[in-house]
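First chain written, first letter: the chains are A, B, C, D, E and F, and each begins at residue 1.
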Amino acid sequence: MAFFDLSPDALASYAPPLDEPADFDAFWARTFAEHGSGDVDLRVEPVATFMTLVDTYDISWRGWNGERVKGWLLLPAGASGPLPAVVQYTGYSIGRGMPFDKLIYVAGGYAHFVIDARGQGWATPASHPGTDDTGTRMAGAARGLMTEGVLAPETYYYRRLFVDVVRLVEAAGTHPAVDPARIAVAGGSQGGAMALAAAGLASHRGVEVAACSAEVPFLCHFTRAIGLTDAYPYKEVADYLAVHPQHRGQVMDTLSYFDGMSTAARASAPALFSAGLMDAITPPSTVFAAYHHYAGAKEIEVYPFNGHEGGRGHQVERIMAWLARVLR
Amino acid sequence: MAFFDLSPDALASYAPPLDEPADFDAFWARTFAEHGSGDVDLRVEPVATFMTLVDTYDISWRGWNGERVKGWLLLPAGASGPLPAVVQYTGYSIGRGMPFDKLIYVAGGYAHFVIDARGQGWATPASHPGTDDTGTRMAGAARGLMTEGVLAPETYYYRRLFVDVVRLVEAAGTHPAVDPARIAVAGGSQGGAMALAAAGLASHRGVEVAACSAEVPFLCHFTRAIGLTDAYPYKEVADYLAVHPQHRGQVMDTLSYFDGMSTAARASAPALFSAGLMDAITPPSTVFAAYHHYAGAKEIEVYPFNGHEGGRGHQVERIMAWLARVLR
Amino acid sequence: MAFFDLSPDALASYAPPLDEPADFDAFWARTFAEHGSGDVDLRVEPVATFMTLVDTYDISWRGWNGERVKGWLLLPAGASGPLPAVVQYTGYSIGRGMPFDKLIYVAGGYAHFVIDARGQGWATPASHPGTDDTGTRMAGAARGLMTEGVLAPETYYYRRLFVDVVRLVEAAGTHPAVDPARIAVAGGSQGGAMALAAAGLASHRGVEVAACSAEVPFLCHFTRAIGLTDAYPYKEVADYLAVHPQHRGQVMDTLSYFDGMSTAARASAPALFSAGLMDAITPPSTVFAAYHHYAGAKEIEVYPFNGHEGGRGHQVERIMAWLARVLR
Amino acid sequence: MAFFDLSPDALASYAPPLDEPADFDAFWARTFAEHGSGDVDLRVEPVATFMTLVDTYDISWRGWNGERVKGWLLLPAGASGPLPAVVQYTGYSIGRGMPFDKLIYVAGGYAHFVIDARGQGWATPASHPGTDDTGTRMAGAARGLMTEGVLAPETYYYRRLFVDVVRLVEAAGTHPAVDPARIAVAGGSQGGAMALAAAGLASHRGVEVAACSAEVPFLCHFTRAIGLTDAYPYKEVADYLAVHPQHRGQVMDTLSYFDGMSTAARASAPALFSAGLMDAITPPSTVFAAYHHYAGAKEIEVYPFNGHEGGRGHQVERIMAWLARVLR
Amino acid sequence: MAFFDLSPDALASYAPPLDEPADFDAFWARTFAEHGSGDVDLRVEPVATFMTLVDTYDISWRGWNGERVKGWLLLPAGASGPLPAVVQYTGYSIGRGMPFDKLIYVAGGYAHFVIDARGQGWATPASHPGTDDTGTRMAGAARGLMTEGVLAPETYYYRRLFVDVVRLVEAAGTHPAVDPARIAVAGGSQGGAMALAAAGLASHRGVEVAACSAEVPFLCHFTRAIGLTDAYPYKEVADYLAVHPQHRGQVMDTLSYFDGMSTAARASAPALFSAGLMDAITPPSTVFAAYHHYAGAKEIEVYPFNGHEGGRGHQVERIMAWLARVLR
Amino acid sequence: MAFFDLSPDALASYAPPLDEPADFDAFWARTFAEHGSGDVDLRVEPVATFMTLVDTYDISWRGWNGERVKGWLLLPAGASGPLPAVVQYTGYSIGRGMPFDKLIYVAGGYAHFVIDARGQGWATPASHPGTDDTGTRMAGAARGLMTEGVLAPETYYYRRLFVDVVRLVEAAGTHPAVDPARIAVAGGSQGGAMALAAAGLASHRGVEVAACSAEVPFLCHFTRAIGLTDAYPYKEVADYLAVHPQHRGQVMDTLSYFDGMSTAARASAPALFSAGLMDAITPPSTVFAAYHHYAGAKEIEVYPFNGHEGGRGHQVERIMAWLARVLR
């Protein structure tokens, strides 16, 4: 992919106005009050693996409407806490996968939580059951999840998911091995959007994240992203509007409740972003739009010749060094 | 697409053994008894259109679990019945669309019913609401519907859809303008599979179809189709098994309750099939497999140089002439 | 296709200067005088179909040089006129097809004429003979018709076609069931260009169209279109100039006699345009260029997330409502 | 392209029965008598080029119906004959191009004639006018020339071209610098088919070719070729039959008058063929089918890992060595 | 990718004859004697990472001609041996990458060695220098390494690499934390081929591997693989032969010294293979060909709906369970 | 390819500042002094071909470090000089090929030298050995040559090649049939870059070129080219930087010693450039950047609708006419 988005100079100051509804905060307050409160009830079942250095657990907690959401917990074998923790959110299509899919955080000495995003997981082998999504499949929705229930913020897929997301932070803090004051959230692409949502919305549950790593975050600056790129998953929304042009206003209104610019603007923890200048999936201008609105201390790493893969191992090193610093 | 499947000679006698479970009939009997019985309650709302020659209705009836399913009814303007009817089922991804999308049947003097397949419609503009699907979105399912709930026949998407399908035949027969003894079912691709399902399973509801037109039907001879072709939607199943190889037996078992070979083998109405020898979406051998098992009088039209589009207008003429003959 | 052309704001006022030769009107006057006059001699043969609601006719009339051009005429069964009429022109590659391919106009109570564009029809099944093109196949011309005879306006393919086009309006007015004061012309893509040509050039034959529907019209603003997009058929011209760069001036000169901006600028009937902002085949700026030059009353419907398919059924509804308004 | 056709062993003996009509010879006798006789009238105009070693001429001769066909003649500068000559036919889409496009034959000391195939030349820059094709453009024909007039052998494009082809051999023999007893015909792909046609049909004009080089010849064994491959130009025929399935018999009947197996079976000059085992454009089995029917002395060079490009320079060396041998 | 290779039944017994030269063993004996002997001189430099659970080392050893080859060593933090070890070889294009790219073996308690294959690493971010390849870049070689020096076994790239490969096993055994009797070799694709080479050729250095995991191994059964598939890297050889057809015999002769069927036939350690039935990169028949010749105890895991990615996490679990079994 | 680069107007004045290091001239002076001096020792072996009009020679000369570089020399048969000469450099991937691959220069009466670029030739059949490249294959380099040794100007591939290039001019001047005052250099794409290098750097060897034809030259204005286009070979650099982002400064520094803007700025011979406005491989702005810096008399031919193929035969005519003029 050649360069197609704003120049590095323009990105450095690209901070479009927030595109959010007046009742954004009220919407989320109501959402958590009605669909995301009560005992988070983290359950933790040991799983036998061949990993002698890691204690592995199949976990679940209460997410949207109290439904149980699945995931993994990895701890350094025999660790006694309290440990700093990383709550990892996953990219679009990626479920929790195998417990050994990402060992970097536990190798670094962190308690590592992984969400199994509801109704996802179609791209990842998995040995354990994932999280079903109970939402109605809307007639006419594009294949995938980007337009599921998109005709109203109340029914939108990501409303359910963001409740699950925040409640996992809450759940992590209840684990005896975890130091609740040192919980980082982290993820790339959709996982980055979830991390921003956790950072910006956790206060609705009275919890706080200590750090937020958002690699090439998705779901940011919808009004620019949709139509700027042909790449999926943003293209799911364009596909939907191509067959249902009459719903454009409604759809854009719904999305404005979930925009990463707005969640970023409500966050306060230190953040590390990354962007690829050839990234057609989450174009760099949409990442910078969220970055510039991020309300906490922040840094961003730019990879000029990379696409959505970002810096890969280079960014892993960058994140780990940064986590060591911000989580002390 | 070059020729890639069996030769015309081999197709002429390609009748692989049925691949069905011993309790196939029991499963469907139970399905209709538990989830597809009761008053079908056809509701018919006139819709104002610019079509002076056609009376148009937004309809609904009770399908799976009594849920209301949407669709269209078109009648020649001012027609007094009883008319012969065509119940049309749609291809994968296609909802009911606009009321004027297919005018051929009403122009031919038939009452024309169209289903809005639950949770579909992502490829077709529509001015009226479609049918939502209430099934849970299974974790790990491929995007689309082919693997929704596929780990058990009880939860499989097509179980819900086939109940909707049969009940529409039932509903059509209750309309005063329709002659219940002259109801044809018709469709292409997934619509062909639904037509075969209607023809083969309607007896569970005590009704009968008078004719069955199955163009390039989908969902036939799964054990051969999956892996024979790279084309979607069969590929959705292969995609699922690529990430969840451990569920292969379970998946193939579920599919065996929905195979068009088996529904065909239970049909008795006269049928017209079509096949394209370059069809990678519903390969000709899978169509012939169902054709040879079809238990009623049958004809098949073969298009050597066509793919999944089949004979297009030529097949329309073929169908209309055949309908005129078999419906008298 | 992502957005690639001018922004909505820029489109709203994008009216480039006409790019037409001084003798544009003289050229067309001479063309009709020498190659498009005399008795139009509409012939109408009933065709037996299964459509009980429609009277169908295989028609022909005298077009370029008096050659007979083929088409369809559909009338509501048993209709006694005079009826308003729609003369439909087809997209590039599309012949008259089957008589039942587009039933919307007759269902709406209109007399419906369809042209079989000379030498086209390679994309559409057809049961009846089409119109051959008698023009010499020029050495070096790109495959297709866009560069046939393009080295001089006198020999260009579209000169012959536009005579056929105007003469069909003339012919339609001679049919006893048709009200010659209420003839609309309509078409999409190349059909839109033909509709504009009919609206702008019909006066050369002393006739008038009552309305002009041009969906995503082709052949507009050649100097911008060629090279702006990689999509065919505009690309045929670029392909030709890639091997014959020495003929660039001559080719652009020829095209300037056929530009939809110029035919639009000579029209007076009410018009309805449509444009898709992701349309790479007839880019929106080229559509708007013609729209802004259109000399009659005009409206345009814009589909932001659609390509060349435009609004599909939504635009059908829009056209039918508009026709009902402007034709009475 | 991976191997997709018959194995080397199977090719070695792949000689399917001729697929030709009973009146094949009568058809061609009549064709030449009615449309390809009379004075061939070779005209030769010197062209100034920068090539000091080559005398270059813009030529024409009387082909189909006496129409003038264009081409090049290259002679070693200042050569006094009589020289052996190579008459070169071109691949599909390729016109005569520039006079210096192929200098190998004149560098080898041969008189070199090049045809400008009527209506072709869309892929090649050219400084001089080419040969127009006067045939009517048939309604519904696929883009390109493979289905032009294909509904009857009398109107088929290749009937006109093959007359031009044979008459060029005749014309070459009338040039004072050429030894008429040492005229080779040569070409690749469509050029190979023309070379076979020259070799097999020249006797209708009372002339003879002394050698025939057919590289990866096209237009051979139509009944197998069409549908075996997705590649154009054979695919043009499949495209046509996809929209006009009702004309299949007629089309295959027409093609049987032009099959390279049949022209090969009437040739007597020594021949050199080539085939690429990964050639999807002229699949090796279709080349071998013609090779095995070739009635003169013959050799074939096989390139296992090449597609339609065949052996490129390696085959040039092979041809030049072979020409030196067979032309003495 | 649809199924394209032999059926499961045919694969179960597909054991083509070995295609190896008479001096295969002599060639390798001479190779190690002349280019792969002397002190292996493992050097181990600690690398600071954020991985508190892992001790990480930048290593090098003497490979081909005594040149230093680079890699990683990972040990469980603070482990005192002797540990069982896994020597991991990498896929084509993949260098050693980051030290944390694959943590599964160390998490399982193994000493984990990784090679940086000479001249590779173009697909993987890396923080530390890799291994240069000193071989001359052969004129005309295809891009990549498959045809580097391929005109003679003495100069072929894989000769150098296989020496590096075997010497790493030797080097691993010299590390004080490693139990030399419990060294497994493992890899996928090219890494699988290297693992087979280690297993089959290590005896030339007087060492032995204790287990061999070859996932979808590459470089097996060249005479079938080349031309069976269009996929790279096998296609590099076909690309070379397409331009240099005259070297076919020489090339196939060279490859026969490196075929995984032959190295497998000389191995004795227990082995675990995997194959994907839709794998176009290392087609299943070529994997089974090596499997059936493997001379030690062996198992194979087949993934019917997977391509070259094989079973991913499922195969990881399979391998880890198997390693636990065979290394103790 | 649609237009994607600067407009014709902007190109007409697009002269970005040179991007060159202060020691550019010193670097090249040192390079020639240390690696490109001494007797050039042209060797010329007659090759038997079938070309009676051409005397053909397999040649070699001393290039980088005195290594022998291969090539062709073609002379008009029996020519006695001194002749003007054309030294032809080849495009990326193209070796010397067959001696008869390009006959235009010898047909025009020139002595014609062709280089076999070291380590290239993977796209061209060749009957004679090419030039190996002795440079070390750098770990992590992208496939191809663009990043070979790119971490320092001293080790970069093009340093070796540019020495070979200049020394060929030197060698040509030593041939008795050649007039050393009338040596033109010529080439397209990479060959154009080599021609510019010859024109700009030959003075380091005390020789001069008399004319420089640079068609669509590659390796110009690296800082813009890389990332502007997705096309290879520029993309090789982006690919490298995508996996090794930490080396960006070093890489761009190395490239600045080889930029065609800088070699052009040191040339004095008359030059002819060409550019295609749809050229994604060597985008027109990068060509114009070099053109505007070219220090001698200069002309440029622009092909608006062509890509990297440029004007093909039209440009051949243009070059030959220009050569005749500038070489007298």
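To be clear about the criterion, a contact is a pair of C-beta atoms (placed from the backbone, for glycine too) under 8 Å apart; a residue touches a chain by one contact, two chains touch by 3 or more.
Everything quoted here is computed from the prediction, not taken from an experiment.
Number of steps on the shortest path from chain A to chain C, with steps defined by chain touch: 1.
The interface in A-C, E-F or A-E that matches A-F, meaning over half of the contact pairs are the same by residue number, belongs to A-C. The most distant chain from chain F is B, comparing centres defined as mean Cα coordinates. Per-chain CA centroids place chain C at a distance of 51 Å from chain F.
Taking each chain's centre as the average of its CA atoms, chain A and chain B sit 39 Å apart.
Work out the mean CA point of chain B and of chain C, and you get 38 Å between them. In chain B, the positions touching at least two other chains are 124-127, 239, 243, 245-246, 311-312, 314.
Because contacts link the chains in a way that matches no line, ring, star or complete pattern, their graph is best described as other.
Partner chain C is touched in their complex by these residues of chain B: 50-54, 76, 97-98, 100-101, 103-104, 106-109, 124-127, 311-314, 316-317, 320-321, 324.
Partner chain A is touched in their complex by these residues of chain C: 1-3, 277-278, 303-307, 309, 311-312, 314.
The touching residues of chain C, when paired with chain F in their complex, are 226-230, 238-239, 241-243, 245-246, 248. Considering their complex, residues 70, 95, 116, 118-127, 129-144, 148, 239-240, 243-246 of chain C touch chain D.
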